[in-house]
Amino acid sequence: DFEKALEEVKPAFGAATDSLKSYCMHGIVNCGETFDHLQQTLRTLVNQVQVSEKTPLLTCLLEGPSGSGKSALAASVALESDFPFIKVISSENMVGFSEQAKSSQITKVFEDAYRSPLSVIILDDIERLLEYVSIGPRFSNIVLQTLLVLVKKMPKDGKKLLVIGTTSQGDVLESMGLSEVFNVSLHVPALRVEEIVRVVRSLEVFGLRDIPEAVEALTSTASKLVPIKKLLLWIELAKQGLAEDQKIPIPRWKQVLSDLS
Amino acid sequence: DFEKALEEVKPAFGAATDSLKSYCMHGIVNCGETFDHLQQTLRTLVNQVQVSEKTPLLTCLLEGPSGSGKSALAASVALESDFPFIKVISSENMVGFSEQAKSSQITKVFEDAYRSPLSVIILDDIERLLEYVSIGPRFSNIVLQTLLVLVKKMPKDGKKLLVIGTTSQGDVLESMGLSEVFNVSLHVPALRVEEIVRVVRSLEVFGLRDIPEAVEALTSTASKLVPIKKLLLWIELAKQGLAEDQKIPIPRWKQVLSDLS
Amino acid sequence: DFEKALEEVKPAFGAATDSLKSYCMHGIVNCGETFDHLQQTLRTLVNQVQVSEKTPLLTCLLEGPSGSGKSALAASVALESDFPFIKVISSENMVGFSEQAKSSQITKVFEDAYRSPLSVIILDDIERLLEYVSIGPRFSNIVLQTLLVLVKKMPKDGKKLLVIGTTSQGDVLESMGLSEVFNVSLHVPALRVEEIVRVVRSLEVFGLRDIPEAVEALTSTASKLVPIKKLLLWIELAKQGLAEDQKIPIPRWKQVLSDLS
Amino acid sequence: DFEKALEEVKPAFGAATDSLKSYCMHGIVNCGETFDHLQQTLRTLVNQVQVSEKTPLLTCLLEGPSGSGKSALAASVALESDFPFIKVISSENMVGFSEQAKSSQITKVFEDAYRSPLSVIILDDIERLLEYVSIGPRFSNIVLQTLLVLVKKMPKDGKKLLVIGTTSQGDVLESMGLSEVFNVSLHVPALRVEEIVRVVRSLEVFGLRDIPEAVEALTSTASKLVPIKKLLLWIELAKQGLAEDQKIPIPRWKQVLSDLS
Amino acid sequence: DFEKALEEVKPAFGAATDSLKSYCMHGIVNCGETFDHLQQTLRTLVNQVQVSEKTPLLTCLLEGPSGSGKSALAASVALESDFPFIKVISSENMVGFSEQAKSSQITKVFEDAYRSPLSVIILDDIERLLEYVSIGPRFSNIVLQTLLVLVKKMPKDGKKLLVIGTTSQGDVLESMGLSEVFNVSLHVPALRVEEIVRVVRSLEVFGLRDIPEAVEALTSTASKLVPIKKLLLWIELAKQGLAEDQKIPIPRWKQVLSDLS
Amino acid sequence: DFEKALEEVKPAFGAATDSLKSYCMHGIVNCGETFDHLQQTLRTLVNQVQVSEKTPLLTCLLEGPSGSGKSALAASVALESDFPFIKVISSENMVGFSEQAKSSQITKVFEDAYRSPLSVIILDDIERLLEYVSIGPRFSNIVLQTLLVLVKKMPKDGKKLLVIGTTSQGDVLESMGLSEVFNVSLHVPALRVEEIVRVVRSLEVFGLRDIPEAVEALTSTASKLVPIKKLLLWIELAKQGLAEDQKIPIPRWKQVLSDLS
């Protein structure tokens, strides 16, 4: 049974790395201090799990608005940890599963982790795993109870585990008592004006002089706070039909913002 | 398995085109700038999916009152895209299916699309797919969660996908968090007076001099805003018994409006 | 399969006509202009479906208080249409069916209709098909969703279909979004004083001079508006023990009203 | 199949009569005009069903407080009708049945009735058949919908049916729309002072002079209105240990009322 | 089948007596008039069932705060009745049963009783049989409906039955309509100061002079009204480590009350 | 069957002891009088069960904020009791079990205990066993009813049982009526300032002079009351990278508190 278990663990590992990379599809752009500090804190946790005997389990929740970069952040830290067992639990791989099947799948990943000396599990988009919808509200209590127990359950026999969860419904998880079972809770914000400037500058998509007007156009159409994922998408749409190294003209940028945002 | 998959994809394609055409049964009448602009925006998205490497997935929601032309708009743009995989997901083909069966059917269409290089999926009348009713409210959370995940899930390996959804319950989808997962949200309005005039003029169903009175009769019986689908139906009913090229007399028009609207 | 389908359609037809006739058990008494106009409007719809190519589907909802004559009206118009496929969908033939079974049964009737060139389907007592009860409220969402889709679904290949629904819970169907999917909505009222007079006169059950007092007794006991079905029942009860051609004495009429209404 | 049906009907008949008799265990004491009038009205309905061709179905609801004599009234009228098919539908014979089983059982009785020329069905304690409880409220919608349809469904082919329902929750049935489907609704009240006097007098359980004090003691302990069933029980308890023809002493009567009511 | 039934009844009987005795584990201490009167009333009911032909069924509900002695009271009266069939229906013997299984089990006991000439059934802790919880509230409607019917159902053929129910949720049973179906409802109170004094005196656990202070300590820590069951437990805890005939010192008594109540 | 039962009991015992020890992973630090008193009270109960014939069952609920040391307290007292049967019922061993399976598992443990002369059962984290979530609220009524019965059920034949429950949702258990069925209810608080000082002093992790500032930093970042479990975790995190006997520098301590709490 142990040999079979090992077999099951190995191939999962390779696939996980691929899938982790796809979470950072647009790379990790330098967004400034806030993001650096978040990354640093996560690295501290990785380290702590690895070295301390008295903390066989550490759990951290990344919470912030939709598209703020939570999944990419979790994935990038997990990738650089080089732990022998890394796995993402995502609803994308469980479409159409029954609540019970989701619960079993999640449990199976944790049990695999308990057999590896050093593991990272990413619980991505926890509100989706919970099948949460605010009308009602409705959600899978079976999956919720599974998470409430597993996020607190210590690995035995010196095995070690880091759990990173992501959610854009921090207050909902709070009211379910799920935030509370995580050791640490970190807020991943959308970009503020200074950070937007920094990002568009490093991407070199606007003429240098156009940047203030481009950012002004953006924050006045949408809102003061812009998630990095949306910013990158709008830039992509605005670049349609332009040559590789051509800058985005301001009128075109405004057109895209008014039509598509 | 791959060969079988290809087989499954092909025949589906032929049927889809037929069904798409039936969505535009009354043709696409020129309704003025608003509609032209909507069509243009959708074409931009078709183009973006086709050319850009960084946007393997684009998703757009058409939202507006009942009969405003959402399905016809989506179908006409999909038809002219000439993408190799085009499919409509409609509750008309899933009458009596269980929630699970609907969810599987929807998932299957997306999985077929992930195997085609370039695809369009139309999610027609999303509130019907969700079995939504405002009393309660009730709806299928299984189908909702399936959509919440699939509308965000990236095709792998360079495959590309455009998803167009239609709904007459924009606010409901908003409160379910389903509007938010679409990249773009477009409003398809009912016709205003100027647009009604333009439509009846181009259809040549009234005597030229009767048009003001006909439109006045219409907007005072029903409301200032008239969905194109209803307008076309009432014209059809008013034409009953008239010769092919005969104009609709105003009294008859008023009779139809008072009896049947 | 097609032959078998034809076989299934034929016998159903004969039975349907019988059952339609039983809906008009007390005949159609002349109740005045309102009822004539309703009948006329329904006949227009029958005609439209028959002749116009562009309206393969017309749908009409008859809504009004309990016993106002909705089912009899729908049945009499359907009978005189002489369409080759006429069918009543009534909960009387589905007692004890599960929600799924009801939904399948309804779907089957529509599918049979799609195979016939010209069809009428009567959805009788829609609130009963929906298993509606105002406490809760509760109803079968499976049946509701089936109706929401089928009442909008176009027959293919030039087949034509008229759907007539009846309900005494117009506002409930409104709030379910079911009224909206019907092309036309008609109100079938209870009888007003003038109409009651006309009915009892043509039935010749009271002495001519007694009519005013009889009607006065009726509207003061019950209410100003009396459904035709109740009126006919009370007359029947008052005639108990009288000779065939004997008129109902006023005291007996008052006794019946006070004891049994 | 028809022969088998006949077989099923016959034995049921014998048992029903026994069970009907047990409903009148304490006999029918003369309670005064109100009760005589109720009995008379029910007899009129029995007669109407028997003689008129145009009323193949009559339905009557007896509604009133717990223990007021509804079941005994229904049973006694049914017994004296001498109809060839008489059946009581009571939850006492369906303890532990599922909702579906109850619904089938009820439907079966009605179908048996449709095969008999002249039938009475008693729906006893309808709120119990519905498994009604005011907390929630909860009830079996399956059974409710079955009743809503069957109480309105006409027997075919000249068969005739009288349905008598009893309930102590008239307002609940009202709000379920179930009262409305009955042709006639009759109120069976608890006993007022004059009626109590009449009952205890005819039972000869108190000394003649003691009656006023006995009745006074009763209505002041309990309430002004006393259901016949409770009155008969308390008399029974008070007679414990007395000789057959001994009158109940007033102190003993008061003791019983204060200890046991 | 009858022989088999008899077999089933007999062994049940023996076990029941044992289980009845365990309900009175701490014996029946003399608690004063209130309790004597309750016992006397129950004995009257036992007698009535035994002798009167017209009351084949009597039903009595004992209602009062948790631990007030309801079960012990019911059990002691049942034991001394010497009826040939005595049975306790308790959730202790149905842990983990489904609602249906509980309902069947309860029904089975009643059916066994209908075959015995003279029976007592104790429905112990009815709120537990109903799986009641005030959040919601939730409860088993299946079990409730079973009780609502069985508590009213008369044994046939001269068989006789006394049903005693106990509950600490009198108001809940009231709102379920369950109190109402019992013929008699009796309140079993917690002990008042005089009764506490009487109990501790007869148990001889305190020095005679200490009694006032002991009772004062008790009623000031807990409340003016103390259930007999709790009183007996605290005395037991306070006696820990003392010799059999040693009195409880007041300081120890106070310690126990402050630590453990 | 009895032999098999014994076999099942024995191995369970060994495992339980291991699992009990893991509950006290960080040992039991001296936290001051409050905790000593709690421990003392629990020992009294252990003793009482062991010696008194009249208390075959004692039940105690430990209630207090998350991480206050309830499980460790229960486990340590159970371990030192040296009872032949000790078992923890924890949701950690029932992840993914259905409600029924959980209920059976719990029942099985109690039944095993009823066969052992002297037993302790720990019901750990009762709100998790109940699958409680405050949204709704939702919980397993099946498990709740099982606990409501088992916590009150006396072992037979002189067998003895101590039940210790733990929960961080005391008020919820109160409103479910579950607190009430325990004989004793004890509050396990988070640490107050004096107690925090005592703990950090005995752990020797700060320089003696730094203690006031360290405690001040802690209570101002988090709250006046700190659960022992969190305190121990933060100390562990702050010690990362320090030599075994090195004290935690205040700035580092503040950094950890601001980043990770």
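Each chain carries a letter (A, B, C, D, E and F) given by its place in the written order, and its residues are counted from 1.
Note that in this section contacts are C-beta pairs under 8 Å (C-beta built on N, C-alpha and C of every residue); 3 or more make two chains touch, one makes a residue touch a chain.
Since we're looking at a predicted model, the values are computed, not measured.
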item	value
Labels of chains that are neighbours to chain A and to chain D	none
Co-neighbours of chain F and chain B - touch as defined	A
Interface residue identity across copies chain E, chain F - same or different by half	different
Rotation angle (°) superposing Cα atoms of chain B on chain E, nearest 5	180
Maximum centroid distance from chain D, chain identifier (CA atoms)	A
Per Cα centroids, the chain farthest from chain E	B
Whole-Å gap separating chain C and chain D, where each centre is the average of the chain's CA atoms	34
Cα-centroid distance, chain B relative to chain D, in whole angstrom	59
Residues of chain A that touch chain F when the two form their complex	41, 44, 47-48, 51-52, 54-55, 100, 103-104, 107, 137, 139, 141-142, 144-146, 148-150, 152-154, 156, 175-177, 180, 183-184
Chain C contact footprint on chain B (complex, rising order)	22, 25-26, 66, 91-92, 95-96, 128, 131, 133-135, 138, 233, 236-237, 239-241, 259-261
